[in-house]
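One structure, as structure tokens, below. Some questions next.
A, B, C and D are the chain letters, set down in written order, and residue numbers restart from 1 in every chain.
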Amino acid sequence: MQWTNKNGYDWCELVDIDTLVGRLLQPDLRPGKWAGEDIRKAMGGFTKENRRHDDQRRGVTLVHNDLVGSAGLSPSISVSFQPILPGEKLAFHRHNYVAIYYWVEGEGYTCNDDDGIDREETRIYWKAGDVSISPAWVNHAHVCTSKEPALQLAIHDFPDLCYRRAMLNEDPDGHENLRHMVKGVVPSFNNLDTVEDLEKRSQKISIKTRS
Amino acid sequence: MQWTNKNGYDWCELVDIDTLVGRLLQPDLRPGKWAGEDIRKAMGGFTKENRRHDDQRRGVTLVHNDLVGSAGLSPSISVSFQPILPGEKLAFHRHNYVAIYYWVEGEGYTCNDDDGIDREETRIYWKAGDVSISPAWVNHAHVCTSKEPALQLAIHDFPDLCYRRAMLNEDPDGHENLRHMVKGVVPSFNNLDTVEDLEKRSQKISIKTRS
Amino acid sequence: MQWTNKNGYDWCELVDIDTLVGRLLQPDLRPGKWAGEDIRKAMGGFTKENRRHDDQRRGVTLVHNDLVGSAGLSPSISVSFQPILPGEKLAFHRHNYVAIYYWVEGEGYTCNDDDGIDREETRIYWKAGDVSISPAWVNHAHVCTSKEPALQLAIHDFPDLCYRRAMLNEDPDGHENLRHMVKGVVPSFNNLDTVEDLEKRSQKISIKTRS
Amino acid sequence: MQWTNKNGYDWCELVDIDTLVGRLLQPDLRPGKWAGEDIRKAMGGFTKENRRHDDQRRGVTLVHNDLVGSAGLSPSISVSFQPILPGEKLAFHRHNYVAIYYWVEGEGYTCNDDDGIDREETRIYWKAGDVSISPAWVNHAHVCTSKEPALQLAIHDFPDLCYRRAMLNEDPDGHENLRHMVKGVVPSFNNLDTVEDLEKRSQKISIKTRS
């Protein structure tokens, strides 16, 4: 946080209650839909060639644009779909929010291991139809063991943590990668990404469902 | 909620993870200050004459303008100072967020009574230096019994409830006054206020602390 | 809220900071799994005969028992699976938390209409693979139009609202059914259920995943 | 997080919706009070001799014992009173929750400086009656410059972050002191405290307000 007290506290204001209400109230979110066909289409662009760092940035996420002050499908929930390719082993990482996975397709396991070691006793084996959880601040990594890609529906509760400036990541695993997830500090979830990486990437996706 | 599906779901978008991050991350709030002298000055304009509905809209609230998506001193906390005049009895009301009061000056009591009746056994008597709590969805009303005005420092946790579109009020007490606190539905905390009332009010206050 | 000040405030305590820490810290949730086979098995008991009020109480929900102070799959997220039978039309209801639906099987629509009227323009049509949202405090009802049952994976953010005592329901639609969701006030989500209904029900389900 | 998958997932359960409701609903918090006289009395035991590490563990905090699943004055707010002695300079530290201070007595400043350096331009000067904020994850330290002790009323939003297992501290400043605030990992806010320190301390305080 770079700041100075030199010009007073312009960002701090005393207002009457009615003025507060005017700023406090938000438009209600409209009901909405993200069609399965569009989700598949959006994921289509992610081939083995255009991923970065062999990591999990191949996903497609559903955002509701009536929301300001953070981003997600709702004010408190993020929903993403992410394919994991056969034989792929994503890197260990952790964050201070819970991850819930519904496994739509494929088979594999998630290792939840604070030492970042893939041990038999810290694996959770899953296949299509299962639900699993990786708790807050526990190091975890996904592995796809089926011949077909695994498809993960990931549910996270980070949008309101981000609104509250309370979100922290260590991605990939390693103390040197700890970051407070606020604007200006980080360009992506993964600390190995540079701003240049992000500008050069071929993954820019935006699809809206028509009917 | 007025809405239609006629033109699809323009507000619902599928994006790649990096695009999500760009929208997700918020600027960290800057450290800040609201000077006591400015708080006193801001409250100065509230005389017995310019209040509305004999109610509690005489307060001054502290907002941090680095915050978007709701309003408050912080993403999850609102802090307000409110004088209650000698002999004054504010109307019963309730809301689904907790109210914590630190009593800076004066003496009196808060009645926490779901029937909206001022009963001896549902009163909490307070004086300067005390802290009291009115829980979520419990009907409550403040009474000042001292010769000098009471000064209440009120701490509420509604900013993030409002961000989540989860805030409901019944103000004043009465089922007909139940309202979902979202934009377009309500002009103020109090259901008796009309938009005209708010436009005519003489309470518009804005002060910033210089050093 | 029934309470009295007659014996002081035994439930309010002043403690040193270290004592606070001892009560504040919670055990971290363990990683976990709910197998798809077990989810199917759990839903097996819900036939057309044993449901109550023609309503949506046929679901199976995933809970993590390391959590106290509320209930859900995680501290802030609830995940449930619910079949909707062919031709079935669930009753309109609303609540101050967002509902996100991933449609696993079947076809149908959700009407999001504050007047509780099934109108063409307030319907969201969905089929297997789609994701839809019913925002906070918007009246909504599900209809299954396919020959096979629809299977809904419902994601709600009520566990931490309940922990905060901020959860309100109007179920079924109607002002007389408004309820603050706290212990002692309500026996179920649906206001038409009585305690006797709940005791007589044949739906008691508990399954744990072995490996 | 130490855990094993060897005996299945006993802590993960599939239940019917009514069973969920039975675990979900919490008793509403009762209205309550913490008397100013009791707060003063509770703080009385903290002399210059019995503090640990020259740090800020001299405070008294207000807890509501109707709450389970975390601890605080309310489900989302903690309120503490803490004296800072003349000339005292507390150590820099940071945490992923916002701190709001109402300064009841005395004079001094808070340095909000990520480098942990007491610089003129990152100080916020305060005196009795002022309100200040130290944002999430910003390193901060308090200094009392008046001849009399300063009295700080501190408002934090960590109780629901702790309920969500999302709370992290770096106290005192230093990467080696980063800790996920969950049971078993940490005995106190301050990483320098050992379990033995805590057992030997003379600060154990518990006072309840009678009327």
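Note that in this section contacts are C-beta pairs under 8 Å (C-beta built on N, C-alpha and C of every residue); 3 or more make two chains touch, one makes a residue touch a chain.
Note that this is a predicted model, so its numbers are computed, not measured.
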item	value
Shared interface partners, meaning chains that touch chain C and chain D	A, B
Most remote chain, CA-based centroid, reference being chain D	C
Chain B-chain D separation of Cα centroids, rounded to whole Å	24
Distance from chain B to chain A - Cα centre to Cα centre, in angstrom	33
Interchain centroid distance [CA atoms averaged], chain A/chain D, Å	29
Multi-partner residues of chain A (at least 2 other chains)	1, 3, 5, 12, 28-34, 39, 62, 64, 75-76, 98, 112, 122, 124, 133, 135-138, 157, 164-165, 180, 182, 211
Residue ranges of chain B touching chain C (in the complex, touch as defined)	1, 3-6, 12, 96-98, 112, 114, 121-124, 133, 135-138, 157, 161, 164-168, 175, 178, 180, 182
For the chain B and chain A complex, residues of the former touching the latter	1, 3, 5, 8-21, 23-34, 38-39, 42, 57, 59-72, 75-76, 78, 80, 158-160, 162-165, 180-189, 193, 198, 201, 203-211
Residue numbers on chain A that touch chain C, as the complex places them	28-37, 39-40, 62, 64, 73-77, 79, 98, 100, 102-103, 110, 112, 122, 124-138, 140, 153, 155, 157, 211
